[in-house]
């Protein structure tokens, strides 16, 4: 058991490194939003939670995972690569001309992606359609939807929350990446969503809370059949945006930003990126364009 | 058109258990028979159009074929970004069925009118747009929507339209229909106002302006050929629709004419000019108030015909 | 005090009669949704709750009332007439060519209407803008928004609910016309919203419940300053859709429907429409078009 | 353009306390100065575009002047029905400021692209649409938006555009600007891709096709006169925009040409053809992938010019 946890922890570290390397090569991206959900994805895909067969991405009985906060695509791609859906080599093309891997995931291009996301507030409703289809088609799969906490400010989330309860979608699990930050600031500085658990309970959901970086706790939770039958399940995963890099953690600034040279050194050491990897894939950016060549300055305010 | 739609939907549901009738707290009694006979193929999403449209895209991604039925602006505008991102961008097999085309829900006011729907749907990639003119056509369009694998917007009126076709005919998606021949002028029309176009054309005939009437039941893809032929053969075209002047049928016709160098044709769009539909009353009242009644059609047609003649004279 | 209640009850009865007569003349309309809110409107406008001056409809310090469930416009118009905003005579033009009174209220045309509604889920956000403007402009008015219960299925309501709490809009009162019916059926058959009070509480609102047809209770409640400072207030008004006409009460069918001859007789007697009134304004419809000449068959399913 | 916008907004807020800067969880650090200096005139509505737009209509109904700033599709499409019913139908004094015009947010993909926004905004009554081409123009358009009492949609790019105007000029709403003279062909363009049009035109000049470039910074109301003059004087018009071919600038030009009998002009629209913007990479990459790069402009212009000449020859 412990060795399984070790394996998953090791995988998580690898995935964080991949995320950073992809985004760094692309010249920009949402690092902190991706770091926030690494353990969740690791446990879902490699901790025996999701039922899938990467050789048959359209297998009808597969469980479905939807990354509703699509801006964390850079976390999903290395996971899909390790799960066998896409070639590892592809990761090097992230956000580049000719690639199928964009800043948000495209279900028409990438095997293993169930829904194209990017605009917040769509994934849960899409997942509801999928969970409902299981009922209509008498299939026994489960739908997992990962939401951002800021995303819960979108009304469509609450429309969906009401509907899922009405339809008794017990084959639906929603995970909220509760990192307390949205793009600009803390949620409670913009629009607070506390008490979050009470809200979902009042909307009829079976609510559980967990440390979203605790692999063991996540695994235990996801592999337990939900207690309440006939209810959709909500997992509030307490997370840290930018988890894994000290200067990024819980800093709103890092929603969409690239490290400077000094920060880079800290990051390399904290993520445990080895020299050889660093040499082969992480070349320091050309000062003139600050490595920002491929990705536009997004809403999230890169200032440099 | 509503009952015609339901008749077709009933037949489809009977033949394919994946067909699902979806409503957004509307349709009341009219779906009773359907619900009774196919309880597992009916779903009411309540008053949450955004969730409804996206969930239907999710359903479609698992092989279901949702026919999503609600009032046109709530479907195509309230849930616009959902239609764009989840239905069209992902090219899902969702049928969007909007009722209350134009301002047939007259006294309910512009919140309930479908007077911008063609413009906003037309700009979306991957979608097919049907805008039938009569009950029979609505029924055929419903079946045609099913036959297409991909997004379709089906624009329906209400249940009061009377039939304009005298006999059965073949509905070909993307092919316009010449309802009436004529070589002096063409009215290109879509939706139930086709009846007004026909009646106006009969009036014009009596005035010696032998008017062709073309019904465009498929707004996208558009039948370029029938339009260009009308341009060449009649030299004057009026487009007519219960829609804002911008972005709908008239604009689509202008695009075709311009890009195909259909040069010497006189052209004029009829529809709502920089406004929502004004006034209250019944459907006919609103046509009059908003200057798209038979009288208005005849007036504009006469002006057009005269300017066509005089421009021809100038040319000689 | 009691005579005041009597006055308001008498007014309510008058308003119900007006509603029916308007709709009957128009040939169709939302009778039951309008009957559901008569006492609420009566108390707000004539029970000393709203601060207004009908001669100055744009008076900056006025309280604002927004009928978010705009399909009940036929209840608002007679109230505006009795409050002095519009001429009583206008009521006879409801939904007719040349009228300013449509099936949904238009703020550009009708004095006293603060927001054009008709599409559900807009009024609360509009009211929030108004309440926020009071704070920004340092004005001391209150905004009242009346929602349908079915309307609470719209996500925009919950976006607004979160935002109002964040902004501490204590100058905002939302009233939910909790008649348990939406257009097609009971809410719990379509999308249930129970436990309603808990939902709003979890969204940070100060929730009170009241019998929405009890004039005294409504008046007491509205004229009490809310206990909690810094919170928006929610009034859950338990109502009966179609209140006042036995065969309409709580019958989904009557969302949008006109009585037949037999029903008409019952209605006339239950509403207490007097002979002279009946003669002058209620002429039995011409059979050929069932009185439906001016108003389109709406979504709500008139079958005749 | 973003900083230019903010500079103008800052000045407006300073002069009028009713000006309110509204954002939807975006703009981060760039608003820092503004927030510091006008804390009571800044408001973050979080990730709830529908509530944001309607609430701003409510604010405007009480005399506030909200400038609502977020990514174009979330403003104009996510909240479409709110823009339609609460801003345009009620004719409220709300300024909608969409960033990321076209596909400048290249690698973020089509959910973040503004490639249908002109079509969906253009069909709405009462709205003015500005689509500036450069920072200076964005600044002027912001001031012009303020000067209009009523709904305005201001379509901004990002912050990377370089200036195309060599000197100051007068920005007149509804009046196009001839950026470059020429009589062989006209490119009518809007937005930051105007720079590409200019550069292509210089290339074309060298090939002997002296190309006029007209910048349309006001999509609505449209400058009919400058378009019709170009039709007459140059005989060939290309429209160019980072937008779907349907419903945007090109379509607006087609409407004007057709209804004004600008007959003998060769016309072609450049933009996204029945698709969302394809591919990833930087802005330039996407222009190439989607066939609206300088090379493409030159190619199409040459084809157009040749067909103009040959049609002229045919006529003689």
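As written, the chain order gives the labels A, B, C and D, with residue 1 at the start of each chain.
Heads up, the rule we're going with is that contacts are C-beta pairs under 8 Å (C-beta built on N, C-alpha and C of every residue); 3 or more make two chains touch, one makes a residue touch a chain.
No experiment lies behind these values; they were computed from the predicted model shown.
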- Query: Which neighbours does chain A have in common with chain B?
  - Reply: C, D
- Message: When contacts are scored as defined above, which chain pair ends up with more C-beta pairs, C-D or A-D?
- Response: A-D
- Message: Based only on mean CA positions, could you tell me how far chain C sits from chain D in angstrom?
- Response: 42
- Between chain A and chain C, what is the separation of their C-alpha centroids in Å? 44
- Note on the structure: Whole-angstrom distance, CA centroid of chain A to CA centroid of chain D, is 34
- Note on the structure: Whole-Å distance, C-alpha centre of chain B to that of chain D, is 29
- Query: What residues in chain B touch two or more of the other chains?
  - Reply: 45-46, 48, 50-51, 73-74, 78, 81, 85, 89, 110-111
- Item | Two or more partner chains touched - positions in chain C | 116, 118-119, 121, 153-156, 159, 162-163, 166, 190-191
- Message: Chains as vertices, touching pairs as edges: which of line, ring, star, complete or other describes this one?
- Response: complete
- Message: Which residues of chain D touch chain C once you look at their complex with the stated criterion?
- Response: 20, 40, 43, 45-46, 48, 50-51, 53-64, 81-82, 85-86, 89-91
- Message: Considering only the defined contacts, which chain C positions touch chain D in the complex?
- Response: 107-108, 114-116, 118-119, 121-122, 125-130, 132-134, 136-137, 155-156, 159-160, 162-163, 166
- Contact residues on chain A for chain C in the complex? 153-159, 162-163, 165-166, 190-193, 195, 198-199, 201-204
- Item | Contact footprint of chain D on chain B as seen in their complex | 73-74, 77-78, 80-81, 84-85, 89, 110-111, 116, 119-120, 122-126, 244, 246-248, 250-252, 254-255, 257-259, 261, 263-264, 266-269, 272, 274-276, 311
- Interface with chain C, chain B side, in the complex: residues 23, 25-30, 44-48, 50-51, 70-71, 73-74, 78, 99-100, 104-112, 158-160, 279-283, 285, 289
